[in-house]
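Mind having a look at this structure? Questions to follow.
Lettered A, B, C and D in written order, each chain numbered from 1.
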Amino acid sequence: MANAQGLKIAVIGGGSSYTPELVEGFIRYYNELPVRELWLVDIDAGLHKLNIVGNLAKRMVEKSGLPIEVHLTTDRRKAIAGADFVSTQMRVGMLDARGRDESIPLKYGVIGQETTGPGGMMKALRTIPVLLDVCRDIEELAPNAWLLNFTNPAGMVTEAILKYSNVRSIGLCNAPIGLIKQTSAKYNVEPDRIYAEFVGLNHLHWITRVDVEGEDKLDEMLADTTGYSATNVPAREWDPEFLKSLGAIPSYYLKYFYMTDAMLEEQLDSVKTGGNRAEVVKRVEAELFELYNDPELKDKPKQLEQRGGAFYSEAAINLMRSLHNGTNDIQTLNVANKGTIDFLPDDASIEVNCVVTKNGPLPLPLTKIPRSAVGLMHAVKTYEQLAIDAAVTGDRGLAIQAMAHHPLVPSVEVAIQMLDDMLEANKEYLPQFFEKSPANEVN
Amino acid sequence: MANAQGLKIAVIGGGSSYTPELVEGFIRYYNELPVRELWLVDIDAGLHKLNIVGNLAKRMVEKSGLPIEVHLTTDRRKAIAGADFVSTQMRVGMLDARGRDESIPLKYGVIGQETTGPGGMMKALRTIPVLLDVCRDIEELAPNAWLLNFTNPAGMVTEAILKYSNVRSIGLCNAPIGLIKQTSAKYNVEPDRIYAEFVGLNHLHWITRVDVEGEDKLDEMLADTTGYSATNVPAREWDPEFLKSLGAIPSYYLKYFYMTDAMLEEQLDSVKTGGNRAEVVKRVEAELFELYNDPELKDKPKQLEQRGGAFYSEAAINLMRSLHNGTNDIQTLNVANKGTIDFLPDDASIEVNCVVTKNGPLPLPLTKIPRSAVGLMHAVKTYEQLAIDAAVTGDRGLAIQAMAHHPLVPSVEVAIQMLDDMLEANKEYLPQFFEKSPANEVN
Amino acid sequence: MANAQGLKIAVIGGGSSYTPELVEGFIRYYNELPVRELWLVDIDAGLHKLNIVGNLAKRMVEKSGLPIEVHLTTDRRKAIAGADFVSTQMRVGMLDARGRDESIPLKYGVIGQETTGPGGMMKALRTIPVLLDVCRDIEELAPNAWLLNFTNPAGMVTEAILKYSNVRSIGLCNAPIGLIKQTSAKYNVEPDRIYAEFVGLNHLHWITRVDVEGEDKLDEMLADTTGYSATNVPAREWDPEFLKSLGAIPSYYLKYFYMTDAMLEEQLDSVKTGGNRAEVVKRVEAELFELYNDPELKDKPKQLEQRGGAFYSEAAINLMRSLHNGTNDIQTLNVANKGTIDFLPDDASIEVNCVVTKNGPLPLPLTKIPRSAVGLMHAVKTYEQLAIDAAVTGDRGLAIQAMAHHPLVPSVEVAIQMLDDMLEANKEYLPQFFEKSPANEVN
Amino acid sequence: MANAQGLKIAVIGGGSSYTPELVEGFIRYYNELPVRELWLVDIDAGLHKLNIVGNLAKRMVEKSGLPIEVHLTTDRRKAIAGADFVSTQMRVGMLDARGRDESIPLKYGVIGQETTGPGGMMKALRTIPVLLDVCRDIEELAPNAWLLNFTNPAGMVTEAILKYSNVRSIGLCNAPIGLIKQTSAKYNVEPDRIYAEFVGLNHLHWITRVDVEGEDKLDEMLADTTGYSATNVPAREWDPEFLKSLGAIPSYYLKYFYMTDAMLEEQLDSVKTGGNRAEVVKRVEAELFELYNDPELKDKPKQLEQRGGAFYSEAAINLMRSLHNGTNDIQTLNVANKGTIDFLPDDASIEVNCVVTKNGPLPLPLTKIPRSAVGLMHAVKTYEQLAIDAAVTGDRGLAIQAMAHHPLVPSVEVAIQMLDDMLEANKEYLPQFFEKSPANEVN
């Protein structure tokens, strides 16, 4: 892939607050991943942030003394042309749209969350067409590039790309690394001495095996009802009998399904007291950019680790290193199912352990599937498939079906009201639903 | 199967108010289904009703002049020995248990219904072990008999029998015949000029095709938002946009999933005003038995048709006639999936069209599956499989998993509370949960 | 489909000696299959035969007094336009080509047969492109027509049409009806009292169940080592131990696989004594056309029944009647697999029992697959798939692979020599291999 | 698995001439695979050879100075009790039986080879019951042990163990390592810089990808018509057009299928000139044991590398090291299919690349399957499944079906004659066919 001088990396949404973490990774692992050109690209509206974060990136590289060129641009095609890796971390409609994703469902007594539930569906409708546009550019200008997708809802976005483009794409999430880190801390062992088997979808996975230094620790971990957790999902204890009979550690995102009533109450309370998660993140981001703007800062600031997206760039760098070197190591990734979870469609994106070869990730056979989880996986996947096709076609009927069949939506009536409300609120970002042309019709 | 003199039929739960309909069918179709011995069997507690209904049966046969012997007994083994067909229509715990199935969930703000939701699960826990006992007798005393199962929840009971016995069993429901009758009335054509394709599970099916005299009438029927209905499920209009984009006619039982909030409200109102459905049925039954007890009555009384279980015996007689004569006609039945619905397990019971051969029903390939419905089918099937295994083993963990994963149950917390409440209320009928022995342990 | 006045039928290869049988069928079943226009179409080279057989058809219809119009034409598009059913019975290269199909393999010590083995492959290479041309016309001029394909190798031709056109097509063979007729004669019962289950591919099927008046007669029939047979395949006894342990009645075409050495010897002897099967058929055909040409003949002559293709038109008329009336009866047909034989690809053509609905045949689930037969089915299907793609693309590499992997071909070396010999001998009919254009390249 | 002092290894057939290679491996990799006890076990008839080779093993260990105890025994149970790894390398009937496996088919004009064709089937019939006896001991005495099976026909033996025992078993062959070594020599790179993807069955695989230092070299290797080879299969050039259109490198064992006529001729010639392969091996073995018996010899003699089974012990040691340390590296192994090759049964043994985890090998998804090979894989697998069940049950019908359906057997008639001949010749080792008891009957 790479030419003699090194690799070209394009980061779509390069003005994100996460970028310094990525840059830090490129510096640290330069020997295994010789980056020659790093292109940070963003839209016009993000130019201010791009410059701030881009200049920090330049200062970080300069300090390292490595021959990495950092380019800042709003010309996406120029950034993509000939790239070896394209990474995406974008937010169509920015934090304001996220705020609406979180608040509108609450009006209908439904969980309001940016990736799970109706909020996630709105995000998918806004985001998928933009990502597919990026893919058109990659198909033309960098057909051999790997697209590493972090853009949420990462599972749906990855599946849309696999279905509707020829781009070689892999979806990533920081949650699996989070579980490893948490277990590493709990048992005080190095992360590479831990093996965990994941099964499910993005933000809807179960961990069915945890080996620590070769010892099976699953039962021990199931006995701990705090479960595994992250800063962006409120903590809540699991019922011990439920956890034991489930026989697998649920993702913290599964609290929205297994503790719906309590999580909803918490969200409603939270709105009353301090605004939704989007508001919190806005404040954190503002503080970060203030730090980044300091011309004396030449390193990733510690505060970034509080941001919620911890380990994102670690996941990205790990994956690029393994693809570039063909290390055949095992990582938890979002890939096309192709029979791995035998009851899901072949073209469904799933989140499972893969061997990362030079030719891409190969999903490992699963050694255990929690039988209780089968129905929920399927229910959410059906919703995801309908929502993806609604996003691509702008077909209102598909959007109604998607919303009505989401397990967190209580009835068809609520589904349609909420959908209408959300479509209207996102009108600016949903031309496929509002600017009808024959090409938008479903056949 | 049958010997020279004709067929032997055993009806388990013969004291049911439905029996006169069955007897009427045997009389009408005697030429095609030459019944020699009809054994009505019931438990001691049902002896009074058995005598009333059995004597009416005898008077009906006598009037017909046919050489059918009617036997009344509480000796199940005697009834089963050498039978050609065994039919079951039982209610473990009788209408009082049904009342509890309907009322307890309502306390937790959950749909209370005898086959759908937590109520159906309780019924399954009570019923499956009793049916499997019947199967032990059939395996021993009538290994070639066909077991026609009407006992609700018919899908789960049929699946339990297919998995945990060697009996040749078929599950039946009156809903598919109801759709045909309703369409027949709407278009004023004979039922045999209508072809409808069903897909799904018992009480969770969708109709994807309706041909009337060779003309496709699906779109026309989808435009009618009253949908298809039955007396035992409250009427409610469907949203027209939803129906059109769904592209299939939903079973009236699907209202519990698609209109959960409104159906729940209706149930809560109904409790306030006149008691639950069990109360209504109790009154109807009392009236029917008073009629049956009239020694002058020698025919099925018209009032039986109001009972809710219309067409049950028509379905049963049709199936027995086709099996006996190998007519290869098409009926909608509950059978093992074996790849028919390719995303469900092979051993799942499903409700689909089958060609009824002399060797049993062969499910027809499906020509269309509503994609929106895939997730819901799977979610309910996962619950059903967990509940079946809980019923067989008495394993509390499985019961928790089943309840917690039912789509109508809002959280693990509610699931466990409701389960504890219902187990306690059904203690008398659930020895597998309360009289623990090593044999009841899951391996 | 049909308009008020009745149906339009187009018979491609209408000048065939089989046509009078078809006409007889249309007359006999006019009430159920009201044919208004019968178009017999043939190529210029067949015009002489078309006129002879067409005039006989006209005399037959006239005698019947039915309002059927018989049209003779060489304008295929005119015949197809608006047709309800299109039937094909063609022989690209005529009997001379068949002669070469049968004789060339023998030079290499390989079975020479017109449908099985290398001869069948050559026939497929010649025939498939012509049939796909017919399909292009049907797609344009009669998109709702059913194409009934009798053209051999019927399985491969049907599969090619299913894969490479949008035409609704069904493949037919007379062998299954032959088995029923033979069993009917053996047990002296009406054919409709016999139920036989077929599994496999065209000319490569096994019968796994034979019920005569509801009684299972499989073992009895397996004890008869003459098996089932037909005039066009030499008779030979089966080994009784083999038949018993196989547990299924093999098609007579399977003798080429199970008795390869003896069948080959027989073919070699036969060449020495009286020429191959093509020679025999040529003589029979000449005699038939002499009869047909008699202006006094107004009925199908008895001699046609000796022709080898007995029951072809019966099969065709049965299928048209069932499709037209939606009778839902069971017929053995060549259709797309779609999971019926679960180890074969979904798009493979298979020969199995189907329920014939108004919307086409639905394959019935198989109740038994002889496990010994699985490998042979797969080996032949792999060859078929390669040969079909070779026929469509003209790709020599695919043709080499097809020939080399046919179970009757002893080595790659023989495969390539024989292929070269046969391609050269069929050059006139294989433009796809000899007139190379970029469109013929495999991608 | 292992206790604090190190691992226990049991080698069934420890008197084999291969053993010194294994011992050399244990010595070289002691750090990663700390063997404490090495038990060489053989039957009474092999005691003489066991002592010779066992004493050499002791001298080798002594020279190394490592704390490995070498035990020689004929008490299999003692050797197995508590073992961590059990390795098998046995030859039921010894080289005399192999001679018959090779010579009898030749009398019928059929390939005579010890693993492919009728010879392999005889070996399977003799060997499988003995291996299953070993498994009974492992189940009882070392339930957590890994059984590494090298005993040929390794694919069938492995499948029999997977189906008919609870032992954790993996089948191994030296051919895949051979391909790597050959490629390593050709390109002058280290073996670990080569990645080759295998698909198929034991002794019936195809290589679909060869990366050398990250570069795809498949086309280059396909252009070399000598293919990949080994000393035990005669060299013969491949046809270049065939190889190119096949698109995969065939195993050298595939010459028996693709060049049947030439390979047969070669075997017949070889018999005339110098005896079959068994004779050759006998001479080589005699020479080896003479060397081993030299009390001054304290190393594996160079001559062993000429023996044909090169790399066997390297494969074994690699696998044990990876299992013991959970290295997650990729090895080509014989494992249960479970959907990896989606057209073969789940319980079929296949030979593919696996990630070797601490919990056993996980087969990697295949990136390419040569479509021409599908039928042949299936044909051989059908034969294998029938032969395995014949071996276990002693059912003559199954044995007839297996033999008659082997692709190299020309007819049912030859199959039965040859089978009778071979059963008689192996009578001594086939009690399941000759000492009938009810337990040997198939149900």
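Here, contacts are C-beta pairs under 8 Å (C-beta built on N, C-alpha and C of every residue); 3 or more make two chains touch, one makes a residue touch a chain.
All values derive from a computational prediction rather than experimental measurement.
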Worksheet, complete the sentence: Co-neighbours of chain A and chain C resolve to B, D
Discussion item. Can you tell me which chain lies farthest from chain C, using the average of the Cα atoms as each chain's centre?
Written reply: A
Discussion item. Between chain A and chain B, what distance separates the C-alpha centroids? Give it in angstrom.
Written reply: 45
Worksheet entry | Centre-to-centre distance between chain D and chain B (centres being mean Cα positions), rounded to whole Å | 55
Worksheet, complete the sentence: Distance in whole angstrom between the CA centres of chain A and chain D is 46
Worksheet item: So that we know how the chains sit together, what is the shape of their touch graph: line, ring, star, complete or other?
Response: ring
Discussion item. Touching pairs of chains, all of them, please.
Written reply: A-B, A-D, B-C, C-D
Worksheet entry | Touching residues on chain A, where the partner in the complex is chain D | 195, 211, 214, 326, 328-330, 338-340, 342, 355, 357-359, 362-365, 367
Fill in: Complex interface listing, chain C residues touching chain D
238-239, 241-242, 244-246, 258-262, 343-345, 371-376, 378-383, 385-386, 396-398, 400-401, 404-405, 407, 410-416
